Amino acid sequence: MANFTHFNQDGEAIMVDVSQKDITMRIAIAEGSIKVNQEVFRSIKEQTNKKGDVLAVARIAGIMAAKKTSDMIPLCHPLFITKVTIDFELDEDNYMIKAIATTKVNGKTGVEMEALHAVSVTLLTIYDMCKAIDKSMEISDIRLLHKEGGKSGVYDYEK
Amino acid sequence: MANFTHFNQDGEAIMVDVSQKDITMRIAIAEGSIKVNQEVFRSIKEQTNKKGDVLAVARIAGIMAAKKTSDMIPLCHPLFITKVTIDFELDEDNYMIKAIATTKVNGKTGVEMEALHAVSVTLLTIYDMCKAIDKSMEISDIRLLHKEGGKSGVYDYEK
Amino acid sequence: MANFTHFNQDGEAIMVDVSQKDITMRIAIAEGSIKVNQEVFRSIKEQTNKKGDVLAVARIAGIMAAKKTSDMIPLCHPLFITKVTIDFELDEDNYMIKAIATTKVNGKTGVEMEALHAVSVTLLTIYDMCKAIDKSMEISDIRLLHKEGGKSGVYDYEK
Amino acid sequence: MANFTHFNQDGEAIMVDVSQKDITMRIAIAEGSIKVNQEVFRSIKEQTNKKGDVLAVARIAGIMAAKKTSDMIPLCHPLFITKVTIDFELDEDNYMIKAIATTKVNGKTGVEMEALHAVSVTLLTIYDMCKAIDKSMEISDIRLLHKEGGKSGVYDYEK
Amino acid sequence: MANFTHFNQDGEAIMVDVSQKDITMRIAIAEGSIKVNQEVFRSIKEQTNKKGDVLAVARIAGIMAAKKTSDMIPLCHPLFITKVTIDFELDEDNYMIKAIATTKVNGKTGVEMEALHAVSVTLLTIYDMCKAIDKSMEISDIRLLHKEGGKSGVYDYEK
Amino acid sequence: MANFTHFNQDGEAIMVDVSQKDITMRIAIAEGSIKVNQEVFRSIKEQTNKKGDVLAVARIAGIMAAKKTSDMIPLCHPLFITKVTIDFELDEDNYMIKAIATTKVNGKTGVEMEALHAVSVTLLTIYDMCKAIDKSMEISDIRLLHKEGGKSGVYDYEK
């Protein structure tokens, strides 16, 4: 059996014991994108920071989702997240909206899952709010961009 | 302003009034994939339906997530989902694992978000369980494959 | 003992049996206000439907809270809310912000608690977002304005 | 734009970074009142610490709500609350019931929202349990009475 | 493989499709007991329906737990429970406290799990409140006493 | 009134103030059993670590439940659990399945309730998945086996 940390030697799922780990500052940044059609893209773009701001609602959803990560991911440790931000980048050529989540904690485990979960719910919320116009939207490229803190140190995504 | 159903004419977010909608059988199918490295792929594949089955854990997470969709997506209606299944397809050539969620409800609103949310949490759970081996995994191609029921009728994804 | 419906004849708390009640369209409207200082009032007002819109965030919080009412209020029945809207009225003379929640359901029990809970969380979210500027804000006048549907019929608040 | 700490300079909602804040003992006390009619007031009063004790149920609801504050208030940090108490004062002249919540934490952020949220749900629970008798009850005067701990130090409500 | 309804023919966990089932009135009654020591038993008994009523708190916990059953039990369908009551029987000879939960729903699936979950959390709450006095308490005899409604009809526990 | 720590001197429920307690490593081990019929027992046993593994699903449910303990038990403090494992022992002579939960935290309060709650939900999940075959299953012998850490020190169950 591979070295899955979330199973013990008998192949039984466990919440890994992190009791002995140091409390360090941990940061994670994750991103993901949703491809929409032209109509949706323009509407979202025009209304950013105005009335009917889809991205503002999606951002709130993403921040709240970061706090609920350990409720959704079975073997994920609960933690006291100390920062969440969600940023957006709009790619006009491809009608893509990119969401970038940054999470921080002073804790014994990393906040990668919190950042990834925040991105995922942010993009799903965009889908939900625009699906009456376009059902063919696709969510892609959800990945960890950066992490630091803890024993495994720094990770940076290489394109 | 575009025809976003989740904002009223003043650009204010609303949970749309579905009181007058008919209760019909509604079905949704969504999919999404995670690209892993060779080591992760082989380990997941070998242990399917055995000890240490990553996909079995991810499936449970996805099913439970379907039930929590309206908690995570701000303007999504709560509903009494009557079926959730999660299937997997393993693409050996590309080290891709595809998750497919099917959801059903007899209700006034569709279950597209439930299927998409189930797929998303299923894939995030795979990421969580394998991230000690490979942090560069990517989640992509989350999309609605099919929906039926309700006034807007049948939708099928066209490749 | 008074005729508290949420206790049985032995004074024991119960979730009242509503199995035999008819499913009817039920509507509730509740309101409540927060008194802020001049600086907070002006900032909130200026940024409505713009960048940094406190009320837009509070509205999302209120809508999501309506869905969680039966989780917070012990003897409240769970239900499938079919509509939630949150409106605001700004009283410039008194630096008061009023939140008005409208909820609907086709069900066996009313949605009064959902409307009251939505108002309450909406106002608490305004407090949270402005408390770095003003800690002396006060939330008042949370009350049911209107209800209809069900055996007890229509209720309207009389000033 | 005003100095809303929950928005960044671009007007985007954020969960504020508290990573660098010190862990200190933080205390908050909040209060709020519900005005009921004579019948409700007498019944509640007579049954305090007896069978059918409305306030005992409301107290449990308030304590549980304190623990769920960061689930309901979007930009509120999760924290490990170390104390919650709910006290009541009955004002016989005005048929008012006052709830007072005291919360404590050793943490990087204050517990004001936890105290305010506990008060709010306590009063809503009283409303819920008495609404079959009186629908015109009103919740008012929810405010922070006292806070201490953290960089901003002590705050006391001035009447 | 045995006829586990919660796995499909490939041994994959599913939330069973109940879309085609009839909506009928469904009732379940479950019970369970906690054995405490003499001191705990007497204290609980003396304070029933008075100040410091352990059973009153446990009852609220059980009612709230019934509403959260599908959040805790992975393959359990969400449903709109229409009644929950928790009764207690005190067995003085054996220092046993029995909790009996009755649940009802008009729905497509039964409420057995809701009744069993309510009993379980009721008893755990008694344990929590008394554990400073006695850590050796034991919870036993959690079982379904009765169910009715749905295709499988009536079930009664035979001693 | 007995020395119930969860009530104050007036008999009012409180979440006990643990602010002044030391943060120490705390461990708890709890167990509980479910008695099933022969058919259920054999099926569960045959499929352990294979397709259709009931115990694997129940284990996930138990781990997730440990994280939700303070949501379900009213006066239980929230905490950042650092380890959860669920082990099973199969007693072939009596068709009993025993679940054993081990929980750990570095905190101000113990993790006994987390271990007991995990055991309870693990066993309820087994019940749920097997109830189509056997409704007469009984859950028993839920108790604390061991705890350590904190002021009250070590406790071991004596048979």
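Per-chain numbering from 1; labels A, B, C, D, E and F assigned in written order.
Simple rule for what comes next: a residue touches a chain if its C-beta (ideal position, glycine included) is under 8 Å from a C-beta of that chain, and two chains touch if they have at least 3 such contacts.
Quick caveat, the model's predicted, so the values are computed rather than measured.
Steps from chain B to chain E, minimised over paths through touching chains, total 1. The chains in contact with chain A as well as with chain D are C, F. Ranked by separation of Cα centres from chain D, the top chain is B.
Superposition angle, chain A onto chain C, using Cα atoms only: 180 degrees, a multiple of 5 between 0 and 180. Looking at D-E and E-F, the interface holding more C-beta pairs in contact is that of E-F. Where the sister copies chain B and chain F meet, the same residue numbers recur on both sides for over half of the interface positions.
Chain centres here are Cα averages; for chain A and chain F they lie 31 Å apart. Once the centre of each chain is set as its mean CA position, chain C and chain F turn out to be 37 Å apart.
A separation of 15 Å divides the Cα centre of chain A from that of chain B. Among all residues of chain A, those that touch two or more other chains are 10-13, 49-51, 53, 56-57, 60-61, 64, 68, 71, 74-75, 80.
Pairs of chains in mutual contact: A-B, A-C, A-D, A-F, B-C, B-E, B-F, C-D, C-E, D-E, D-F, E-F.
Against chain A, the residues of chain F that register as touching in their complex are 25, 49, 56, 59-60, 63-64, 66-68, 80-87, 104-106. Contact residues of chain A toward chain B in the complex are 1-7, 10-13, 32, 39-40, 42-43, 46-47, 50-54, 57, 60-61, 64-65, 68, 71-76, 112-113, 116-117, 120-121, 123-125, 127-133, 135-144, 147, 155, 157-158. Touching chain C in their complex are the following residues of chain A: 49-51, 53, 56-57, 60-61, 64.
Partner chain A is touched in their complex by these residues of chain D: 8, 10-19, 70-71, 74-75, 77-80, 107-108.
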